[in-house]
Amino acid sequence: MYLRQFAVGALENSNIDNIMFQLAIYILLAPLVAFTINIFWGKRYLPRGGDWISITAIWSGCAFALYMFFTKVLGNYDPNYFQSWQFDWIRWGDYQLRIGIALDNVSLIMLVVVTLVSSLIHLYSTAYMKGDPKYHRFFAFLSFFSFSMIGLVLADNLLIIFCFWELVGLSSYFLIGFWHEKDSAANAAKKAFVANRIGDVGMLIGILLVFTAMGTLNVTEVIAGVAAGKMGGMALTIAGLCLFCGAIGKSAQFPLHVWLPDAMEGPTPVSALIHAATMVAAGVYLVVRIFAILTPEASLVIAYIGGFTALFAATIAVAQYDIKRVLAYSTLSQLGYMVMALGVGSYTAGFFHLVTHAMFKACLFLGSGSVIHAMHGALHHIHSHDDAQDMRFMGGLKKYMPVTFITFLIATVSLSGVPLTSGFMSKDAILGGSLAYFMMHPQHWLLPVFGFGAAILTAFYMFRLVYMTFFGEFKSGPEAATALHESPRAMTIPLIVLGALSIFVFYSFNPFNPASGWFSTLNPQPDRAYEQLQAVAAHDTHAEAKSHDSHSKHEAVEKAEHNDSHGTVVESHGEEHGEEVHATDAGGHGGGHDVHHTAHLIAMVISIILATLGILIATMGYYWHKIDPNVWKKRLGPVYLGMYHKWWWDEIYEYTFIGGTKLTANILAWFDGAVIDGLVNFVATIGRFVSVVHGWFDLYVVDGLVNLTAWIVGIFGRFTRLFQGGQIQRYVLYTIALVAVFIILKVL
Amino acid sequence: MNQSPINIDLSPMIPELTLVGGLLLLLIVDLLAKRNKGIIAAVGGSILLFVLMIITISAEERVGSYLFGTVIQDGITVFFRLLFCLAGIISLGLMSYRFKDEGEPHLLILSCILGMFLLAGANDIIMLFVAIEMVSIPAYVLAGYGRKDMKSAEASLKYVLYGAVSSGMMLYGFSLLYGISGATNLPEMAAKLGTVSGTSLPHVMGLVLVFAGIGYKIAMVPFHFWCPDVYEGSPTAVTAFFSVAPKAAGFAALLRLMPVYVTLEPTYGVTAVGMITIGSAMTMTLGNLGAIWQDSVKRLLAYSSIAHAGYLLMGFAVLAAYPEGEIHDLATAAVMFYLVVYVFMNLGAFLIVDLVERNFGGEHIKWFRGFGKSSPIPALALAVFLFSLIGLPPLAGFIGKFYLFSALVKGKLFALAIIAIANTVVSLFYYVRLIRDMFLYEAEGNIADQVAAGAKLKTLGGILAIVTLIPTLVLGIFWGQLANWIQLKVW
Amino acid sequence: MNILGEIVFWVFVLLTIGSSMVVVFHSRIIYSAFALLFTFFGIAGLYVFLAADFLAASQVLIYVGGILTLIIFGVFMTTKITTLSIPQLTHHRYIALIPIGLVFYALVHMIFKTSWPVNVLDVGPTTQMLGQLLLTKYLVPFELASVLLLAALVGAMRLARMFREAD
Amino acid sequence: MHCLDSYLFVSAAMFVLGLLAVVTRKNAVSILMGIELMLNAGALNFVAFSRFSTANLDGHVAALFILIIAAAEAAVALAIFLNLYRLKATSEVDKANLLRG
Amino acid sequence: MSPLTLITFLPVVGAAIILALPRHNHKLIQWTALFTALVVLIITASLYPQFDMQKVGINQEATFQFTEKHSWIPAFNINYHVGVDGLSFPMILLTALLSFLCIPASFGIKKGVQGYFALFLLLETGMMGTFIALDFFLFYVFWEIMLLPMYFLIGIWGGPRRIYAAIKFFLYTLIGSVMMLVVMLMLYFNTIDPVTGGHTFNMLHMMDQANQTGIILLHSTRIIMFFGLYIGFAIKIPAFPFHTWLPDAHVEAPTAISVILAGVLLKMGTYGIIRILYPILPETTVSFGWFIALIGMINIIYGAFCAMAQTDLKKLVAYSSISHMGYVMLGMSAFTAAGLQGAVFQMFNHGTITAMLFLLVGVIYDRAHHRQINGFGGLANVMPRYMGITLLAFFAGMGLPGLSGFISEAMVFIGAFQVWKVHTIIAIFGIIITAGYLLWTLQRVFFGETNPKYLDIKDINGRELFTLIPLGIIVIFLGIWPHPVLDLMNSSLSHLANMMSSVTPL
């Protein structure tokens, strides 16, 4: 009764009637229900461990998501679509913290991506996890993850984003540590959670900064608040970077990247779902959400972190032998791309890459899962304890697993950025964006270098992987080969679907111009709130600086010239108004659109060349065997070692942060026991020393009065007793002496 | 010389006269009785004290000073007389366990009480001196009552020597005061000394030396040395009596002497407040420190009683600081309230210690280990008394301390309050140690069987335990009545 | 006062102090006890000089006749009597001198630094006045003293009986 | 001319000597003698003040009571000494040190 | 008679009944105790619908609820004055709940059953009384009443070093309460009852500056009083550096007593600060807000680090309590509605969460007879239900969203950050360390190969589940829908926040 009172009080202002929200809530809660049922009753009472409940929940959710997507996104084609539903969650004083669901194009697209990939992986898992003793629990956790991820996507409020953010971390923890009997899995789970927490601390601080300045956490209101000038300058930069810290953790950007490769200890479907397609993209999604409030300085930092991660992770991927690790580093690298894209202001490109990457990377992981599944069977057949994930034991698998091979190849091509794939379009957009940024700000030449460097390495290591796995001879012996087989249909269907979705046609009918596709149309670059504010301030003097003509098309050369002149204008102006330089510098949003087109073309050419080059080198090394990788290993020397050992970051962290923390803990615990507790033990130590001689200390003090006070008091107590020696005449003497002293001192 | 007819009103002396008469009667009965002399004397003495209480209450309204100002009767007198009777009755009960066949100890206690009665009303230094000796001399004998007990003999020796020296010093002090004031009557003396501006040397030294006598009676540092030895050596029942009644009498005397003390002006840097504050601080500190390592529970309680004297002296410090007015009355009431509470809890504690000693043959702390398990009821009672001595609510001891602290805080003697707090904490060590030994430890070694047999409070013991326990518990919660009554006495 | 009186007074003073010192310092207890006799006499003499006739008489009667006898009995009963030269030991004599010396210094300082009130009593027989005081103003202490003596008697008897029973 | 000061001096000397006896003498009876000295010192003071300073006889009364009390005290003290001697076969006070601490 | 009086003294009646029961009939004693606690819980719960959430309380006598006021000791103007407001009501709910749940958790006690349950019920009286008292003297008396049963419960039924722990607990808390006593008297003598004109112990009168006179109006005195009260309460919290009694007491105490100790007794410290220190000395408190925030921050970080280094599971939980109480201090140091409400909510949540943790430690201790974290390993497969609940409790302790701890911590951070930026930022890093030690512990206890010693260890049983599941449900429910508790305190604490923000610091 009273609960209803709360419920009514909290929900009265909501417009829950809307079918969209009803569907969204269904999509959100169905997996939660599935989780609850499965975790409690799945094992004992439900057939098949209740997997069908989870699958029903997510597939129906996927269907509804697609329905919403087609009715709203494709049906209406409204770039400014926005709807939200709220209720108040926490109240203090007069303030109500309202949370709820926000639906717009971005969230709907993400919803589709998440539910689709998740649905496919649920299906895949039925085969992959078959026979596992904790089969029901796996599905329960998958459902739980789906719930958290969908919640993250739908959330309209930074605090609730943070909540689901933590919950996806939690489900990731459970799923990485799914085989917790293995120490490595348990360690990896812990590492993932703690690394995420570190990022979350930053995010929390960012949330607090935002809340303190604006009194709201609703994303829309925050953006409006920034536009209204409630927060700006340094504070906004810091807040933006703090929020981005969360993304660093979740999307495993440098320097918190170390957890993701280890997270591959989880079952492969988990790697595909969480650590490739969806959860790790949450960081990028967050940046997408807060894109409008990022200041140029913040963006720049973001761009560098992303770019560095992209290249850095790619170098490591080159030298790995574990099939999943290669993919993991590749994921890191691609996430770096996305982050860099957002950093340089290529909002659409970044988000686009998120979507395409989700598809082909999920496909790759599932494909690798299929391979591992097969290898596992084969190695088990010959009673070998070799690592089923090590590519050095594979080879020639295309013959045995044709479906896997083909889908894998499509995804690889897509990832490598070969034309006619989705990956080509999105990656090209990113590279174009970074190049454009460089062209506007030549001092940031490193960003395109990162991008293009990563591109060639990507093509190389992906084809290296394909060659080592699918081509050549099977290296575990013919006997094992007899046990190799194509995976069951439950596994191949998702592969086919995802492989298909890696083709350009689903995103844009022009394979070389993603901008003409529905995606870009629906996701135009949002106005930067910060910039708007600056623009208002600069309105009188620089009307042209805030040109928002986002669809203007000019000749490339003209654009370049225009941009140059524009740049100079800005710089000359900057001498007078320092802040506004940054305002117009911001990712080249203003005049930068023309540059984008130029850069886009240049980038396209370069990236095709680089991809070809990368593929060529891989082919030379691993297919034609024209180049001996071992020779190059020696030749590269320490560089190779660095790549192989992941540039020693794990070791560095182990000895600095982790070791430092444990050391601090031990020191403080010692401090607590030794110094604070008692201020005592110092004295007690001396006391114990004395006790060796006298023996009374242990008898009395350890007997219950271990305490400095007790000790001192005890000493005085003993002292007092000295005067009570049993000689009555001495007593009289003491008395007289004290009286005499008193009289002499005080009276005379 | 003035030969006018002398008209002496002896009516305020009715309680004392009754007591003397009863005492003589009991002496005769004692001589005639053949058996159970002690029980007869104890019962008779208790009846006598009970009658005295009735007489005292009925003579309550006769306020004023009598017999040429040597005797005063007011609420405080009445209060103390009732208190002495109460302590006397409980002590006689305790004594009758030990002295079943001897009447004299009971009679000596009664004569002690006679001295106390006079002390409570003494208003003249000669009266005071004689009354104090009247309290002391039977006490010397009582301390030596342990039959063939070396410790008891030693206790009485120490008691008599220390007591005699103290009274010698007090006497010398009185003579000095008499010399400079020319009066033996206390109010007169105070008035005389108050009119003299500044303070002369004999004034200071006289008061300091008098302090020796009073301080000895209340076991105040540095006149406390006799106390632990005498308390330990004397028979437990006697110790119980010593620890409350003569001490309370000493405080009564100090209360009477306060007007003289407050005449001290800080010419020599010595004031009554300073003297009493230092005395109080030293007393409680040394009392508590001394108690810490004691293995004899009687000795422990002796030190604890020293400490409690220190707490009580805090009230006197406030009295000295505020010679009259609201705060003065509050402090007086606080001291009196504490004394009531103290009588109950201390006698109660000794009751249980006596029980242990009678059953096991010793009061060393080892006999208390495992006592809580073998005899839960006496142990629980002792725990209550000890917690009350610590001053934990909701027990009476807390209220007593609370009252004293209120007086201190109101009188703004914060330094003393802080010392008292520190002392309360120190006192925890030994009280809690005893409680711990009773409840948390097992009996050790060869005495385990004996302890495990337990000890039971028989009829008399049970009655005495209830008589002491109920006030200790009830006064912790419903103390308003008593406080009101005491305040009425003070006004 | 005449010169003779003066001389006699100082003789008494010297007798009192000197015999006191013998009491305190002599190494034979019997000598101490007898020296105490002279002290009491000396004080009685001083009482005479102070015009306290009744007191002087009481002093001689009670102290010399009663208490001193008691003390000498005490000496004999608590020591094994072989000769008259019963040695008595002393301890911490020198350390005791310091505080006690300080007390003495303080007292002497006080005595000679203070201007005592001067209010001289007429010389005359005091016995009657004392009697009156004792029966009026000091009636209660007077009576009490008798009870006190009774109590002391009972107590002493009791202790002594214990002494006897112990045999 | 003998005056108040000389009496007071005598009394002070006796008081101090009495104290000295109490503190230094081992024999209980000697200590008792010291106590008697102290009491007499007090009495002498009373009488001297009565004569020179206060002009009343209260001092004499006090001295009288001191006499009585000294007697009572001496009686009890001696009984106690006897008791101790009986049990310990000594009258030396410092031998009685069972009770301490 | 107010129902509050009923719930306070009913346990004493129960204790008396228990003492009258035959000594060796353990079943009867246990069920009597359970029944008593159940009745208390039912009465307390039945107050919930009657509680008017709009009423303010704090310093307005008229808006306290279920009040009862009798003259107790007229001589000192002491009243039996009880009542609840939004600050104390959640606390009595918590007390009634935990007291009830702890009784089945104590059914394993075999020694001195009668004494145990009697003391336990006496303890419940002390706790209830402390939370409902509106008269300072009454508060103090109840505060001290808690001490004795606790001493015996730890000292008699505790672990091997129980005596040491009991005495340490006793000494520390008594030192604190004596400090409180002096300040209480200072306040008493300088507060005028507006009606009678005499001195008063009424807290609500003390809160009105118009009633204060004399030296307590001096800044220096107020600072002294602040620290007197602060130390009195800080020892109970326990705030750094007075915290060292806690790990010892917890390690030695029997499970149920640890639960009560951590679940209710620690709250008394912060409750006392908010109930007494804040309204009575507002401007002094505001001036020392930085200090409270600093101590809160140190508690969070320091407690977490110390927890990380522990090898004893119970000690780890004990230190985690220290860390979590730091959030309460941090929250209340900001004097904002969010911070205060977060702090009180955190008190409630910590009560439930830490109760679960201690109960869980008790469960494993009953089976393995040790608590060494490294001595387990791989329990996940043999005790899956146990692990599930442990995970819930651990993650709640970590402040994971969806569980109650998150909301209170978030509110604390939001509230505190507005005022104490640096303190809060440093404190936020505590959540990393918290996650670190809790996950590390999970790993060492549950993951890896199953320790062969414990292959046939029994999973959690029905009685244990009975104590844990209600707490688990509360933790989850309040994590999703915090209003039932948050709304209780909203008006009271908003009022307090307004009070605190309207004063001018020294």
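Chains: A, B, C, D and E, in written order; residue numbering restarts at 1 for each.
Everything that follows uses one rule, which is that a residue touches a chain if its C-beta (ideal position, glycine included) is under 8 Å from a C-beta of that chain, and two chains touch if they have at least 3 such contacts.
No experiment lies behind these values; they were computed from the predicted model shown.
**Q** Which chains make contact with chain B and with chain D at once?
**A** Where chain B and chain D share a partner, that partner set is A, C.
**Q** Please tell me whether B-C or C-D has the greater number of C-beta pairs in contact.
**A** The greater number of contacts lies at C-D.
**Q** Kindly work out which chain lies most centrally, taking the average of its C-alpha atoms as its position.
**A** Taking the mean of C-alpha atoms per chain, the most central one is E.
**Q** Would you identify the chain whose Cα-based centre sits farthest away from the centre of chain C?
**A** A
**Q** Could you grab the centroid distance between chain A and chain B? Build each centroid from C-alpha atoms only and quote it in angstrom.
**A** About 78 Å separates the centre of chain A from that of chain B.
**Q** Could you work out how far the Cα centre of chain B sits from that of chain E, in whole Å?
**A** Taking the average C-alpha coordinate of chain B and of chain E, the gap between them is 43 Å.
**Q** Between chain A and chain C, what's the gap in Å when you average each chain's C-alpha atoms?
**A** Inter-chain centre distance comes to 103 Å.
**Q** So how far apart, in whole Å, are chain C and chain E when each is placed at the average of its C-alpha atoms?
**A** Whole-Å distance between the two chain centres: 71.
**Q** Give me the residues of chain B that touch two or more other chains.
**A** In chain B, 126, 130, 133, 137, 140-141, 144, 148, 156-158, 161, 165, 169, 179-180, 182, 201, 205, 228-229, 293, 425, 436 touch at least two other chains.
**Q** Please list all residues of chain D that touch 2 or more other chains.
**A** In chain D, residues 15, 18-19, 22-24, 28, 31-32, 43, 48-49, 53-56, 58, 61, 65, 69, 72-73, 76, 79-81, 83, 87, 93-94, 96-101 touch at least two other chains, as defined above.
**Q** Enumerate the residues of chain E that touch no fewer than two other chains.
**A** In chain E, the residues touching two or more other chains are 163, 167, 171.
**Q** Of all possible chain pairs, which ones touch?
**A** Every pair of chains meeting the touch criterion: A-B, A-C, A-D, A-E, B-C, B-D, B-E, C-D.
**Q** Note which residues of chain A are touching chain C in the complex, please.
**A** Listed in rising order, the residues are 729-730, 733, 736-737, 739-741, 743-744, 747-748.
**Q** Can you list the chain C residues touching chain B in their complex?
**A** For this pair, the touching residues of chain C are 106-107, 109-110, 113-114, 116-117, 119, 128-129, 132, 135-141, 143-145, 147-148, 151-152, 154-156, 158-159, 162, 166.
**Q** Quick one: which bits of chain E touch chain B in the complex? Just the residue numbers, please.
**A** Result: residues 72-76, 78, 140-141, 144-145, 147-148, 151-152, 155-156, 162-163, 166-167, 170-171, 174-175, 178-179, 181-182, 185-186, 188-189, 215 of chain E touch chain B.
**Q** Contact residues on chain D for chain A in the complex?
**A** It comes out as residues 19, 22-24, 31, 93-94, 96-101.
**Q** Show which residues of chain D lie in contact with chain B when the two form their complex.
**A** 15, 18-19, 22, 28, 31-32, 35, 38-39, 41-43, 45-46, 48-49, 53-56, 58-59, 61-62, 65-66, 69, 72-73, 76-77, 79-81, 83-84, 87-88, 93, 96-101
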